[in-house]
Structures are given as C-alpha cells and as structure tokens.
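Each remark here refers to the structure printed beneath this line.
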Amino acid sequence: MTAPLLELAGLTVDIATEDGGSRTLLDGVDLTLAPGEALGLVGESGSGKSMTVRAITRLLPRTATAAGAVRFEGEDVLTMGAGRLRGYRDSGVGLVFQDPRAHINPTRKIGAFLIEALVGNRKVPKREALARAAKVLAEVGIDDPQRRLRQYPHEVSGGMLQRVMIASVLLAEPRLILADEPTTALDVTIQREVVGILDRLRRERGMGMVFITHDLDLALAVCGRVAVMYAGRIVELRSADTLHERAAHPYTLGLLGSRPSIDARVERLTAIPGRPVSAFESGPGCAFAPRCSFATAACETTPPTLTEFDGGLVRCLRVEEIHAARTEVKA
Amino acid sequence: MNSVKSTWKRLNKALGRSGMLSLAFLVVVLLAAVLAPLVAPADPNQSSLLDAYAGPSGAHLLGADGIGRDLLSRLIFGARTSLLGPALIVGVSLLIGIPLALLASWYGGWVDGVVARVFDLVYALPGLLLAVLTVALFGPGLTPAVVALSIAYIPFLARIVRAAARQQRVSPYVDALAVQGFGMLRITVRHILRNIAPVVVGQAAIAFGYALLDLASLSYLGLAVQAPTPDWGVMVSDSDAMLKGYWLQVLAPGVLIVLTVLALTVLGARISGEKPPGYLRRRPAKAVAAEKNRTTVGAAA
Amino acid sequence: MGRLLLQRLGGLLTTLFLSSIVIFGSLYLAPGSPENVIFGSRTPTAAARAAVRHRLHLDQPLPVRYWDWLTGVLHGDLGTSMVTGQPVADRVGAGLGTTLLLVLMSMIMVLVFGLTMGLLAALLPGRVDGVVNALTSVTVTVPSFVASALLISVFAVQLGWFPASGVGQGLGGRIQGLVLPAVALAVLSCGFLARVTRNAVRDQLEREHVQTALVRGLPRRTVLRSHVLRNALPPIITAVGLLTAGTFASTLVVESAFAVPGMGQLTIQSVAQKDFPVVQAVALMLVAAFVVCNAASDLIQAVVDPRLREAGSTS
C-alpha cells in the first residue's frame, strides 16, 4: 500500500459552550485516503461530517479545540506553523463549499475571485492567471468564459457559481479536494451535472477527494469507499460497490431503507424513527441505540467499537446477530 | 411576596445587569423630578448674593451659582423641564407615528409608498434645524421647540414601527386571523401592535434620549426653555461660571444629561431585544448551528 | 451607474426644491410681519409701512415673491439682510469657509479615531473590545454643547492652550481657534463611527466568503484588506455620510458655544433677530449640505458594492 494522502487518527473536536462547559462534536474519527482516491462521508445533520472537513482544513470555530491527528502526506495539519498551513491550504487542499452565493465575495468580479490565490500566493502574472482561469472555466462547462470573468457573482445563476467555485479549486491544482455538500444548494436538475463535472475533472487530474453528502446514492455514484457517520463517529466504512449488499450497521440499513428507490419494488418507505442526535447528546452506550429497532439494554450502556465485519468496518455490538437474522429472513 | 420575587427575577433576566442599573438610575431621576418640591433642599430660584459661587457646604450641598441659587435644588427642579419636553415629544410622535405606520404596513401598495416617502423626506431634515426654523417663526420657547421636534421624531419611530409591523403582516397568523373574519383594527391593535411592543417601547426609550439631547441643545442656545427656569440645558450655558472656573456649575448638569441619555439608550437596547455586545457572551459554535440546519436524510421519507 | 447618478441628482434637486418652498413659505407665513424687524420698537406711519412693504416686495403675492427669490438665487443673488442691509451672499460667504474648515477638521478626527477604535475592537475581541465598547457607550451620549463646556473649562480656562472663543487671524490662527470646536463636534461622532465600524467588521469576519479566502491559503493581511474591510465599507460609508450631515447641523450649537464666526452662529443670530432673508439662505444651505452628504454616501456605496449599482435598488 502506498503512503496515504490523508490520515485522520482519533480526531476529536470539542467546542466551548456559553456556560463554560464543552461539547464533543467529533469523537475519535479514524480515516485514511490514498492519493487519487475518492471517499464519501455520509450522515444526517449533526453527524459531524462538516466538522470533519473543517478539521482537515483547520478551519475550526474560535472556541473549538481539536485533539488527535490530521496528517496530510505525513505532516500533522493541526500543529503546522502559520506559514506551512497557508502553503498546505494553497496547494495541498481545496474546499468546495455548499453555498457558493455565500462563499464567494459578492463585491468582486468572478475573475478577481478565481485568480486571487494564484496571483497572491504564487506570484503568477495577472494576465497568465486570467488565461488559466478562462481555460478552467471552459473545462467546467461554462461558455464564453472571458465574459464571465468580468461579471459579478450576483449576475450569474447558482449552478454557474458552483462551477466557478469548482474551477477556483481546480485552478489551484491541489492534491486533495474536499467537497462539502457541493450540490445541496442547487436545483435538482443540475445537481448530477455539477457532480459529474467535479468527478471527471478530479479523476483526470488524479486528485484525492473527500465528498460529503447526506445523499447516500450520490456518494455511492462518485466514491470508491463510503464512511457513514452518526453522532460524531464513523459507524460503518465499506467499499461503495458492496455497500448495498453488505451493509451491516442498523443505521446504514435504515438509510438504505428510507431512500426512495425506483428499481426496487418497495411497499413503503421505512423512515428511521426519532431525530438524529449530536455526539454530546448521546449516552454512555451506542449513540444510535435510542432510534435502533435492534437495541438491547447492553446497547444503552456499552459503547461499541469500530471492528471489521464482512469486508468492512462496523460499530455495532449486535452486528453478527443482526446479520444472521437478516440472512435467515432472506433465505 | 413570591410573585414580587419572580417578577423581579424575570426583570433581572430580561434586562441584565446594565439594564437594571440604567432602570434604577432613571427611577431615581424620575422620582426626584416628581417629588422635587419635597426633596429639593431649597427654592431653586431663591438667590442670595452673599452665597454667590459658594463652594459645597452644609448649606449648599453642591454649592451655589453666580447669584447664590442652590445648585442641587436647581438640578432637581431642572429634571422636571428636562424630562417633560422629551416625554411630550416622544408621546406626540408615537401618537401620530404608530397609526400612520400601522396603516401603511396593513394596506401596503400606494398608501405605504406615500407614507414611506413623506417619512423619508422629513427624516432627511435634521431635527435641530427644523426646530431652529420653527423658533425663527414663532419665537423662542418650549412649545415651538417641542412641536418642531415632535414632527422631526415621527419618522424616526414610525419607520421602525412600519418595518416591524410589515414583518408581522406577512406572517401566517395574520392571514389566519383575517380568514376568521377579524377586522383590520382588531388584528393590528390587539395582535400586531402587541407583538411588536418590545421594539416600540425600546426604541421610544432611545428616542427619548435623543430628544432630550436635542431639546437641551436648543435650551442651551436659548431657543427653548428660557433662562431663569431651572433646566439642565440652560444651566450648561452658564458661560460666566465656566470662564471664572466654577466648572461644577456647568459640568454637573452636563453629566446628568449624559448619564440620563446613557441609561435610556442602554435600557432601550435591552428592551427592544438587541443582544449585549459580543464580548459579554461567548460565541456559540457557528458550526453547530450550520450542521443543525442541514436537511436530514433519515427523516426525509 | 450612470443612471443611478442621474437618479440621485434628480432626487437631490427635488428635495432642495421642495425644502426651499417649505422654508420660503413658512417664513413669510409666520405671525408678525417681516417689516416690523426694520421698524423695531417704533410705530411707523401707514405710508412708511407701505413704502417698506413695497421695497421688500411684500405687497406682491407669495408665488411671485418666491419666483423672484428663486431666480435671484439661481443668479447668485440671495437677497439683502434686513438687519445690516448687506447682501446676504456676503454675510453667508464670510462664514462659509470657516464652517467648512470646522466640519472638515472634525470629520478628519472622527475618521482617524473612530475607524481606529472600531477596527481595534473588531479585531481584538476581549479586553480591547470591552474597553472600546465602554468608552463609546458613553461618548455617543455626550452632546456637543456639554463637550464644548468641558473642553472650554479644561483646555481654555484651566490650561489656556486654546482660545475660549473666537478664531485668530490667518489659516494657522483659524485652525488653532477651531481645534476645540472640532473636538466638541467629534466626540459623539467618534463613538458612533467606532461602533458601526466594529459591528460591520465583526459581521464580515464571520461571513462564509472570508472562510473561503482563508481556506485558499491567502495571507491574513490580504483577507482583511480585500475581503473583510472592503465588504464592511458600505455601512461605514453610510455612517460617515450621516455623521457629516449631522456635524453641519451641530455647528449651530458649537459655533455659538465657542463664538466661531461661521454659518451656524450666523443662523442662530439671524433667527434671534428675525433676519428672514439670511435665515432662508443658511437654512437652505444646511439642508443642501445634508442632502449632498446622503447622496454622496449612496454613490460611494454603489462604487464599493456592485449589487447596489442597478438604479432603484438603493432605498
């Protein structure tokens, strides 16, 4: 196995609360990503997937503290000096945000936004930077790039602006792309298209990607492996092509069941009962236990660990029993 | 007894420490103004030339002014004129401004357009200038100054009421009430006005402070309250005392003006629900809120 | 942008025109006849009164008089003072330069101290922010006349560094005489601008696009300059416009306090003397200053924020 591009080891993020206490948002997240690999991070609100991305870029809220390690090409991001951190953010990692409207400065032209990092960090001459920007804009499927460079963000559509955001990340040619729900703010009709562009250009350039979404299908479509998160922890990690058949954690099963499908004939959609909780709200045992139809008294008190099962990693005390029961029903 | 305690607790929680301090100060000033004849140690207009510029002593706690009038008594009686004017100004502008603003927000369309334009036009004129012009017409005095400032303060308050009422107007509960057959008057007065009351009261307190400043400025210029009457603005204009170095004569009323306005703005901000400045709170994690707003998967079906 | 400029200019002229009608109309509809100013306490004969009324064109209908006055103003003739008999333009012109210098000095202080305090408070949360906040909470409630009294007591009477009233000869003397009045005008505005600046910068610091800039590895200084400060400008510009306009109005008070021979003092004197042609002219000029300040701040904002450039979108 080659050296990993990115490695999270026991990543834990706590945040200070107004009353002086602290709350855990991420609780011991372990992940590795090989160069050029795409990994999906799937979960509901508050599962900590966005916080994971923030920790990877060290873009944490002022009152948050991170423990554990985030290693990029072997170097710990959490302890980097300011200069190294800027270099890492400039050329190591690129982040595609969810809402391009809010994440692109509305008072500056699209051209200025695109070339800012090239000109400011790498001293690329402005003319050359603009030429490169126009080329990447064309690659992400924007026609008449020269005109777009002179427009302001409010003059173009949300879909186009997200392509501009993707172009800005590609332009920096990072080794790792983080995409934080890049299509959630867009119209359904252009979601697939934008994800397709991102996926294709990433592959062509051999960039690694962490793709965050609450849409399990989308993650399965563009990622080699998928990690399912719940309450600040990874509960299941599996390759995308076997997840459908081999999903073992009750929460993953719930996600698969609650997803409307057109090719399988399902009598009714099964929603997961209850509401998602954050890491700090969970009890001493399994965080999913209150919503889990398989939960026993032991689940409420004993925290499960992430262990290997059926070719993947699963965090569930009763995984073998549930698997056996399901196989019986199927047979 | 218990209910008094819980009311006190609730008040404390709503206003915070700075708000409670401001309220306490204002209550003291108001009591002094109302009970002036009882609490003032001397007649504010009784002069005795022997006591001219007397320093603080048992006879005159804060000393006496250039013609021997007791400073403390003049400050206490001065609270009356200094507070009465702004009270009238805020009262009149609320009385005119609230109905106009409610009508504009209820009917919208051209009614709203016309009212908004007129507000903008009056808002564009500085209140002080309007008052000075009015005095030019009718001569100096408290009445013309109060009338002019009332007009100038209508848009200040009405714009806030209009914006707040418009927000209420489009909320579903108003439609629900209208569907049930309640009339415009009932809905606006009993529901909309009641819901925006904190904002209106808070902003009125702030306007009170500004009106006090404007009126005191006019009195200082000799255009509103006239000289022998004790008034904080008039007292600051005692340049004779100032040039002779008896600065307490001038600074005591000045400090009272500043403290009163400070208390009013702090209290007004707290009542209308403005958050206390950031350094008093720890920032809640923005990321938590962001994550919470995401659509959920499991519940989507 | 061009359309916005025209629209603002149109609005400006409309406001000035309407205010001139209001000011002209109200002054001449006032109780007591203007000619009484000339007669003072004497009781004139009917013939003398009629002659004066004719000389002042008071025997003509109001619209005609307004028209005459307006065409005069457009030709630079503001009328004649009823008290001194001088042309109003001369009296106004004498004070205009002083007042403009005073407002300029005051606004420079406001910009330097207000922006610095606001930026420090925004960028250094905790103690610095707390101190600035406490300081500005108080200064925003100090009216210019109280500040005047305080400054005169300390710096003119006690220390004798500056004159307590009037201004000296030459530019140096004028500036020295205007320092205290300018400070008196600046006290309240400084606090106001500091608070607006702090809140605007704080607001931008928490914006998503600032995170984008940070996560692209841009230096902190660049992020602050081209994203945080640049985007925080619109509310700051609005505040500066409002404060400049308000400072013009406050010269009425401060010039009287320090006996500065400017437009403000002239206004108060003319009001006391019921010298209507002068009151009219200075009042209109103050309104003009007010309206110009607001229009200018709107236009500068449109330069800073492209979203405001479409005409009609600013309100």
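Letters A, B and C name the chains as they come in the text, with residue numbers starting at 1 for each one.
Here, a contact is a pair of C-beta atoms (placed from the backbone, for glycine too) under 8 Å apart; a residue touches a chain by one contact, two chains touch by 3 or more.
What you see is a predicted model, and the numbers here were worked out from it, not measured in a lab.
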item	value
Other chains in touch with both chain A and chain B	C
Per Cα centroids, the chain farthest from chain B	A
For chain A paired with chain B, centre-to-centre distance based on mean C-alpha positions, whole Å	52
Euclidean distance of C-alpha centroids - chain B vs chain C, Å	23
Interchain centroid distance [CA atoms averaged], chain A/chain C, Å	54
Contacts with two or more other chains, residues of chain B listed in rising order	286
Multi-chain contact residues (two or more partners), chain C	none
For chain A, residues that touch 2 or more chains besides their own	none
Parts of chain A lying in touch with chain C, wherever the complex brings them together	57, 59, 85-91, 93-95, 97, 99, 102-108, 116-117, 120-121, 152, 154, 168, 172
Of chain B, residues touching chain C in the complex	121, 124-126, 128-129, 132-133, 135-138, 140, 209, 213, 216-217, 220-223, 233, 236-237, 239, 242-243, 245, 247, 250-251, 254-255, 257-258, 261-262, 265-266, 277-279, 286
Interface residues, chain C side, partner chain A - complex	207-209, 211-219, 222, 226-227, 230-231, 304-307
Chain B contact footprint on chain C (complex, rising order)	15, 18-19, 23, 26-27, 30-31, 125-126, 129-130, 133, 137-138, 140-146, 149-150, 152-153, 157-158, 164, 202, 206, 245-246, 248-250, 252-253, 256-257, 267-268, 270-272, 274, 276, 279, 283, 286-287, 290-291, 294
